[in-house]
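Going in written order, the chains are labelled A, B, C and D, and every chain counts its residues from 1.
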Amino acid sequence: MRFFSDNAAAVCPEVIAALTAANTLDTAYDGDALSRSLDARFSDLFETDVRALWVPTGTAANCLALAALTQPHGAVVCHHEAHIQQDEAGAPEFYTHGAKLLLADGEGAKLTPQTIAARIDGIRDDVHQVQPHAISITNATEYGLAYAPVEVAAIGALAKERGLGFHMDGARFANALVHLNCSPADLTWRAGVDALSFGFVKNGGMNAEALIFFRPELADATLYRRKRAGLLFSKGRYLAAQLLAMLDGDVWLRNARAANEGAALLARAAGDRLVYPVEANEVFLKASAEEAAKLRGLGFDFYDWAPGEIRLVISWDQAAETIRPLAEAIRAL
Amino acid sequence: MRFFSDNAAAVCPEVIAALTAANTLDTAYDGDALSRSLDARFSDLFETDVRALWVPTGTAANCLALAALTQPHGAVVCHHEAHIQQDEAGAPEFYTHGAKLLLADGEGAKLTPQTIAARIDGIRDDVHQVQPHAISITNATEYGLAYAPVEVAAIGALAKERGLGFHMDGARFANALVHLNCSPADLTWRAGVDALSFGFVKNGGMNAEALIFFRPELADATLYRRKRAGLLFSKGRYLAAQLLAMLDGDVWLRNARAANEGAALLARAAGDRLVYPVEANEVFLKASAEEAAKLRGLGFDFYDWAPGEIRLVISWDQAAETIRPLAEAIRAL
Amino acid sequence: MRFFSDNAAAVCPEVIAALTAANTLDTAYDGDALSRSLDARFSDLFETDVRALWVPTGTAANCLALAALTQPHGAVVCHHEAHIQQDEAGAPEFYTHGAKLLLADGEGAKLTPQTIAARIDGIRDDVHQVQPHAISITNATEYGLAYAPVEVAAIGALAKERGLGFHMDGARFANALVHLNCSPADLTWRAGVDALSFGFVKNGGMNAEALIFFRPELADATLYRRKRAGLLFSKGRYLAAQLLAMLDGDVWLRNARAANEGAALLARAAGDRLVYPVEANEVFLKASAEEAAKLRGLGFDFYDWAPGEIRLVISWDQAAETIRPLAEAIRAL
Amino acid sequence: MRFFSDNAAAVCPEVIAALTAANTLDTAYDGDALSRSLDARFSDLFETDVRALWVPTGTAANCLALAALTQPHGAVVCHHEAHIQQDEAGAPEFYTHGAKLLLADGEGAKLTPQTIAARIDGIRDDVHQVQPHAISITNATEYGLAYAPVEVAAIGALAKERGLGFHMDGARFANALVHLNCSPADLTWRAGVDALSFGFVKNGGMNAEALIFFRPELADATLYRRKRAGLLFSKGRYLAAQLLAMLDGDVWLRNARAANEGAALLARAAGDRLVYPVEANEVFLKASAEEAAKLRGLGFDFYDWAPGEIRLVISWDQAAETIRPLAEAIRAL
């Protein structure tokens, strides 16, 4: 049984159905009816006028957002364990033409206004030092922690005060949102966020993510950058269809809830072993090498995060009955 | 009836079926069984050891190939009407970090050793002038002309003599191949081609193209560049599945033949109006503004290529009976 | 006797004297008194508020200007024989992160609103085609022709109408100006120019050029880019000193006049052999290979520009008596 | 009296004399006799075949070296206080097209094989993480500490073992060398260094540094990159002349010795206040805000490095009698 990551799970049936339904001729690129409906659809969801672009990967969404907020000679402040720093192969530097990532600290890969300020306050305001242009946070974080609206807003206030753009990597935005039980608006633009990488792939999509701009003018140059990066699909309707299929009937929330509930089930079994509170669909556990081996011997697959620490991720399609045996096994360690 | 382009046609049923069949858990990125089978499968097809990478768009395939063959301070020789120059929004410059495109001439967007040499022979061999590093041709060309193996080989010989890399943009490689009735090997590496953008999307795929390296070592750094460009899908198996489904049972050849036959049907109707011989699935016709309007009035949709000239493109799924009315209408002009 | 180029001539005595005079301690980079005086000094000269930055080479000046006026996904329209296209090794692409150069035509490397429009009018306004962001002209041109204020203004009007930035490469700005006998203001910002590469090196300087922004806000990000390109000298005062020494007492005009007069002397000797009118310090002559060999045999050194054509350039320090023998030899051919 | 930095000191008389002596016509760029003599002259100095290029700034030297050793998708390991990370405005990212700097630790800005390994050993060997391509150290370090040949060699061995390029930022190479009393060869290529930024400007030059490649083939593409960065001066002989003038009669060693001796004089006065041993021409002292104010009140100018810490730098031209008063003042604190 695989608890390795949610990034390789199967695609939810609504998406498959939507791809089949979209399989007729329409205009190329993003000129088709489905793509053209995205702005309105996401504007409804976010209760404000947004620009919504499909992109195929979370890395692409993140890096187009950063390129919209940061000049090549500027910098992005992020956590030293942020995905954009650790796992995107230098894509932020590629898309921004060499902007720096300034690495800040914080428990559970979570930034605060204080840790951000601590990283940038010492930067001299001269041309020799790279100046910050934007802040990027991940919600839920790389450790499955959710920033609440008030926490986002505190960082948003700092961004505004310092004249910095504010990006949220929401690869697991849905998981954070259902945990917080707040509105998408409260978690984003009302808290000062300028651009959101709104993840669908980890949550049951195939290969479509949404890049949302809460400052609509940021989309203008991004449309050129998306094409220039080889990301403008000629049959874009098959990406739009995925996003729409998951918004319809709140499939995206249903899927995220299922994954979070599975994680909660494991969290209850884990007790003191938990490294972090479980607020999304990721569970980080203390487990010795022997214990990890024992779990693997029982057929459970997962990631060795650090010495004495393992990571278990629940996907949208893992039913409770398939998770319970792992919960039992953890209890029995 | 749409004859505007083949880039927005529906997806062929084998691809849809393959996506559904692939819809179970497997390893992420390109670690799944389908992705791992690509090298062998394309090596069989090309009768030599190749490295085959899925990428989502033709622009991505072209630009990763160019980045593998050209340093940032170098240049790529291509036709002044090449897709990489005209329709990729500067993606070659983005991926190569600013290499120049050197524009050569030729009827029907076709290069020859002579026109290439004419473009580069005047370049002084000093550090002030950008030196050519690679040649890129499109087969079939932007005007639907096929380079025969002997024509490719002549350019390949020049590339070798000058120490230049050699890329083929094969967005309509299948259409060229079925017209020429030669082997994939003869049209590529045996003629000196180093890298091929092997198009599937215009030929019935959804969002997967193959990037083929005939010098396998070129793939090594490309794997990093693919990720760095945000092009490494976490659920890569849905791209591999498309390519494999179209290789199986020669669906790719069947689709290309169908499109070419439709174009041939129009070509016979067009007679003297043809601007170029029809060797793939594109038909360029002389037609006055009034004639174009008449055709549109009959419900046919197409591209106004130039004053007095229209472009008709046949897709894999356009049956002869849907094309005949257009053929009649052209005859009746 | 060398007529090869003005780019390697000796440095005028005022510059040498200024370097010696500057040889005391002052603040580093551009914080010294000399550097800080540049804005005011050039604002006086141009009769408007400008920002003036020293840079070491004309290529650096040109490319920083282009980077200020063009986004990476945009393009610069220039003549196909422009120095930025032909002789800067791809530096414009490096500094702009891959913007394209769109090549327009014109006799004597001179653009007009018509030839510029002819190059860009066919560009579709969509994300697939690289959109023009700026125009760059060279004054005097690569063939030694001067754009008069009215000609510059016509291009400036087009730039304004199309929303394009406007850059002037003035490697030989002084030579054009003394020929036209107009004010620096009339030849630049009053005619719509946004940024000027103001050449001093070819005119008797050692290694300092001035980059002038007539829209002062363009200088802000340029200060970062100058440092980021490794162009911010710690002992910047030795660059500022050169510029100031040549403005003092109108040394720059004196030097340019001397060079132009030498060229005029040759032009009178050349008669029908002239390929272009001589409006600066360059003389392009029809001369067969035998004639060129004969001149070389007499000890004159020059550039074989094209088959049957030679280029003679007069430097600021070539006295009439050293030029007359060449004039005689040309007459005697 | 200024102890702020050595980067703004006056130029030594031999350099001024050489500029005057070079003030005759010669071939442009690096085709002149002086520039062409550099390879041989530096090869003599380093007792091996090297390629030696003039460049105008230390940032340019560093970044051209890094670009020769690192691909855009790779990384450079350096100290978190290295000049390339802290004070070059993102120039390394500009020149390498976005390679990452991986920041390692160490007292006095000094790396060791252990701290380097600690930074890179955790990097997974996959395409998601940026892989190290090169190591860069500064000798003398940003805190004025000298790496001895044996220390450099230990890092060189690690570089070789891991297949990494090895760059030395020698902005104060001369100061380190005279302290260590070893040969230039022992401190560089014999210890595994591939490329050296050999500083002359801080040591009495005007605006010329030497970029030395101990693997000569690395120079080939660098010549293109130097031009592409706008760094190829048309009157390059005035840069070559500076380097040669300082090699002649070991002026570079004389100047460095003078600066080091001044620093040693202060070090003896400082006693327990020293933060680091003084091995070059920089002195870091513990000094309270009150003490710093007192020194400033006496007319001494310096850099407030950190709370409770000041930096004093001695330039080549500061005579002992001008330093003694500061030494007295420090003693008297």
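The rule is simple: a residue touches a chain if its C-beta (ideal position, glycine included) is under 8 Å from a C-beta of that chain, and two chains touch if they have at least 3 such contacts.
Every value quoted in this text rests on a predicted model; they were computed, and no experiment measured them.
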Looking at Cα centroids only, farthest away from chain D lies chain B
The larger set of C-beta contacts, choosing between B-D and B-C, lies at B-C
Chain centre separation (chain C, chain D; CA means) in Å: 34
So, in whole Å, the Cα centroid of chain B is separated from that of chain C by 42
Cα-centroid distance, chain B relative to chain D, in whole angstrom: 50
If a residue has to touch 2 or more other chains to count, which residues of chain D qualify? 72-73, 88-90, 94, 97, 127-128, 224, 227-228, 232
Under the stated contact criterion, what part of chain D meets chain C in this complex? 2, 5, 7-11, 16, 19-20, 23-28, 32, 55-60, 62-63, 88-91, 94-95, 201-202, 206-207, 224, 227-235, 238-239
Show which residues of chain B lie in contact with chain C when the two form their complex. 72-73, 75, 86-90, 93-94, 96-101, 127-130
Mind listing the chain D positions that touch chain B in their complex? 71-73, 97, 127-128, 131, 221, 223-228, 232
